[in-house]
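As written, the chains take the letters A, B, C and D, and residue 1 is the first residue of each chain.
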Amino acid sequence: MTKLHQFDVVVVGAGGAGLMAALYASRTAKTAVISKLYPTRSHTGTAQGGIGAALGNLEEDHPEWHTYDTVKGSDYLGDQDAIEFMCYEAPQAIIELEHMGLPFDRTPDGRISQRPFGGHTNNVTGKPVRRACHAADRTGHMILQTLYQQCLKNQVTFFDEFQVLDLILVNGRTAGVVAVELATGEFHTFHAKAVIFATGGHGRIFEVTSNAYSYTGDGAAIVLRRGLPLEDMEFFQFHPTGIYKLGILITEGVRGEGGVLINGLGERFMSKYAPTVKDLASRDVISRAIYTEIREGRGVNGQNYVWLDVRPESVNQYAAMDGRTNPDGSPYTVTGEQILTKLPDIIDFCRVYLGVDPLTEMMPVQPTAHYTMGGIPTNKYGEVVIDEKNTVLPGLYAAGECACVSVHGANRLGTNSLLDLVVFGKHAGLKAAEFAKHADFEALPAHPEEEVRAQLEALRNGSGRENAFEIGREMRKVMFEEVGIYRNERGMRFAIEKIHELKERYKHIRVRDTGRIFNTELLNAWELGNLLDVAEVVAESALNRTESRGGHSREDYPDRDDQNWLKHTLIWKRNGHTEISYKPVVITKYPPKERVY
Amino acid sequence: MAAKSRRLSLRERGLNFEMLMWLFTRLSALVMYGLILVAMVGAFLMGARTQMNMADVLRWGFLSIAGHIQNTNIPDLEPWATPFWRLTASAMLLVATAHGVHGLVVIADDYIVHPRGRRNVRALSIVFLLLMVVAGLYVVWTW
Amino acid sequence: MALKHNVSLATALRYKGRGPMWAFILHRLGGLGMAILLTVHILSTALGGPVGQFLNDLYMHWAFQIVVYFFVLFHAVNGLRITLLDLWPSLWVYGREALWIEWAVFLPIYGLAVYTILSTALGG
Amino acid sequence: MQVTLKIFRYHPEVDKTFHYETYVIENAQETDRVLDLLEYVKGYYDGTLAFRRSCAHGVCGSDAMRINGQNMLACKVLVRDVGTHITVEPILGLKVIKDLITDMEPFFENYKKVLPWFINNSPLPEDGRERRQSPEERARFDDTTKCILCACCTTSCPSFWASDDYLGPAALVAAHRFIFDSRDEAAAERLKIISETSGLARCHTAFNCTLACPREIQITKAIAELKLATITGRV
């Protein structure tokens, strides 16, 4: 039995991007939000450090600087028109969030407080600038809560714990989605004029990751299966500071507040790699630096980690050495108390998971898979585009981490993702509602849920020799080792072969749960299928790009190659094979130049 | 920036019977402590140290009526049954019964959720309260 | 299709709520106990007669008194803790510490009461 | 190290009632999260085990459960905190749908009752900028902004066990978040709602909520502040 619903706009995903889209779409169109998690469980809630906007509340700052920093951060792969659009919309977007009640931290004169973040600079001096608007180290939590609350206030319709399994396309136009209700196992067809994908990322393809269990790339995989391309999938961000082994994120805000990275010899090594901004260089730079330290034997105790030091006395010592000052020009100093109020959750994580008190001890950190720059290609209105010529697919939109606008290019700057969600989520919502106003419903195919039903049945009736968990574990390991921070041809070929092997084994996995109610085993298995599909295109895209740029760094091609590679990858899956093509990068004001911090 | 002080008017602060009784429960608790203190001090001034045992003192403290000490070796009950003590005992009785009966209502509210059920409990409690007060006052003033 | 949500008394008591939860339970028992006992006591005294006499004698029995004193005293001491913390909410941050103090106040007083009750009853 | 996990099991499509199942994990570490153990059991012993989880580090609120008799997040408690004999059961006071999964609807319904959204109908600042709020005003409600709606508190509360019409600590925490926000204008409406019979008066300071809250929110304190606010009108 299938239930049928009809909405003008259906938003898939209730993270920052999905909720923002829903909030705006629902003003003029009948809108539903479908989410496999309760909205407040979305990954946006884990974002810690801040959301970037050149408000200039504490010192001089301009959207133009923000634009340049982002272009530079993207290693010139970001589309400059989109970046400019986002950075100029940013201050208004933040103010709007504040008007929705978001409890930002405040400056003494009652304005939104801001802190420095990696890669965000004063373009004149090159020094870090305070641009990240924050609420302690819970900025994402506050955004998610505030947006969810506003959606409740505006009576947006939610389908909580419904997992979308398929996208219905009819004659190259969007007709809706198919979802399964977790609590009953029933299929629901959502007939819609416009569909907005905001399903987040796929960091679970890697072993050490800051990403949630639910980050299984559902949106990307569905789109891929429906014959649409994904963009720039080789670019994955490794955040320099994850808790050793666990991958739990230690926000860049720690370094924003003055924390420093220390190697096994007790040296502050970032001054070697980024003489000007040191520990606040952009993430790809720092992750590589840490890896280099470890590989050259300067990890702590010969292990794969280094120290992150935010003990007040260290902070004060290095701040004095750097000549860092407060807005009023006095030397920058902190006390343990202040660190505790600015980074309470980080301190808590370390105490709980490591038994380490960051106020008196250093934290063991290692780079952790964090953010996917690539995704479903869209233009700056969130409309999904499906080829090299940026042809729009009518009625389909994407926003947030699952989309690739591309504003992050080859490497995302910290705080720009939350900004991305808010700005492009909003515009996707507005565009979708506008589209729905003029469009008609596409007629649904006779049995829209047939294909996914078959997919799930196949899993359920597999011959049952293989263990899905084991397959997942092997995938994460090979991806982290061979398609991780450093890549080379041999390793990636090995990884691709391995993924193919795992996909073959995946056909024979064993699902024991035959029930319909909350069959998490079955759905986890389906999610594993998505991860494998996504892992494959990540590795394929990476293998093809024979240069190093931003998050993609190859040992066999260590240099950036603007001659041949200043272009976006598009990858399709057709008849079981991947096909790769490229489209140009939009460059308006900032011609590529060498990137030093 | 100075914090602006915010004070809601009486009408706006959600002050209803429930919350008044919440406050009453706490204030009555303090009042009971006060009355117990008065009774204790009085008892000791009147020579309880030589005339009563500990249990009796406590019982007297709890409700200061002569009946609570008549079994001990007190030579003369008269000073213990003055209008003053009868009045403090009455005050104690009123406060404690109101506190106790409302306490019962609060407990009932946890388990009886239906509005009609809750209304009935409240009606019953008033009857009960009156009954207790009458019976209690009778005891206090006839001993 | 789902297990009903009612929490049985046994399940509730199995919850590891530690000190404060038990204080709540004892406080409730004490209040409830007092309300019932006082009702019976007042009514029986008011009515008098053999039944009243029997009940009042029962109330004077030392074993009964030890139990009742526990409830009364605990309710009184615990009630003071609640009252103080409720009227100065920032003190609730020290909720657990307050409970230790409470026991430190309660136990000696109760011990003294039990001692005198017992020595009066058994010593004649 | 060896860890014994005793898990509450109930499959509505097969079982009439619940039972417990015991699993022994041989090579557990003392730094393993209980969630890791559950994942391990699901992965290698019994895939049918059902529970919710997402972030795995205590910030999304998916995996509230009763571990050794007390509510906590499975991802925020390590073997070294709870020992090697671990009993895992669903939270109390909500219907059990399957294994450790409970019906969260009544919980969210209660949350929605307190108008948990920012309300301010006054004109926006003329300069087009943020509403001002001093750091002190912001600090006033900081604690209650941390709530992740995990339900550890509400389902540890004896009043909620008695009947789920009690709004419960989580909803009151949400109310506190807005009532004490100097920018919000609907304190009066919310205070009216939470002072109804199923609200504030049903909190008997049992304190289980505060001890269970994985975000270490001072819930009992927040509730006491609300109670006082109904009397003094000071917010």
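One rule holds for everything that comes next: a residue touches a chain if its C-beta (ideal position, glycine included) is under 8 Å from a C-beta of that chain, and two chains touch if they have at least 3 such contacts.
What you see is a predicted model; the values in this text were computed from it and never measured.
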Item to check | Most remote chain, CA-based centroid, reference being subunit B | outcome: A
Item to check | Comparison of C-D and A-D by number of C-beta pairs in contact, larger one | outcome: A-D
Checklist outcome for this item: Closest to the centroid of all CA atoms, by its own CA mean, is chain D
Checklist entry - What whole-Å value do you get for the distance between subunit C and subunit D if each is reduced to the mean of its CA atoms? => result 30
Checklist outcome for this item: Whole-angstrom distance, CA centroid of subunit A to CA centroid of subunit B, is 63
Checklist entry - With chain centres defined as C-alpha means, what is the inter-centre distance between subunit A and subunit D in Å? => result 27
Next on the checklist: Just the number, please: Cα centre separation of subunit B and subunit D in whole Å.
Outcome noted: 38
Checklist entry - So which stretches of subunit C touch two or more other chains? => result 1, 28, 82, 86-87
Checklist entry - Which residues does subunit A have that touch at least 2 chains other than itself? => result 108-110, 517
Checklist entry - Which subunit D residues sit where two or more other chains touch them? => result 12-13, 97, 103, 132-135, 137, 162, 204, 227
Next on the checklist: Touching residues of subunit A toward subunit D in the complex: what are they?
Outcome noted: 37-38, 40-43, 45-46, 94-95, 98-101, 103-112, 135-136, 138, 141-142, 145-146, 149-150, 152-153, 183, 212-214, 246, 248, 345, 348-349, 352-353, 355, 467-470, 510-513, 515-521
Item to check | Of subunit D, residues touching subunit C in the complex | outcome: 10, 12-13, 17-18, 66, 68-70, 92-97, 103, 106, 156, 158, 161-162, 164, 204-208, 210-211, 218, 220-221, 224-225, 227-228
Checklist entry - How about subunit B: which of its residues touch subunit D in the complex? => result 1-10, 12-16, 18-23, 106, 109-111, 113, 118
Checklist entry - So in the complex, which bits of subunit C are touching subunit B? => result 28, 31-32, 34-35, 38-39, 42-43, 45-46, 60, 65, 69, 72, 76, 79-80, 82-83, 86-87, 112-113, 116-117, 120
Checklist entry - Where on subunit B does subunit C make contact in their complex? => result 26, 29-30, 32-33, 53-55, 58, 62, 67, 71, 96-97, 100-101, 103-104, 107, 132, 135-136, 138-139
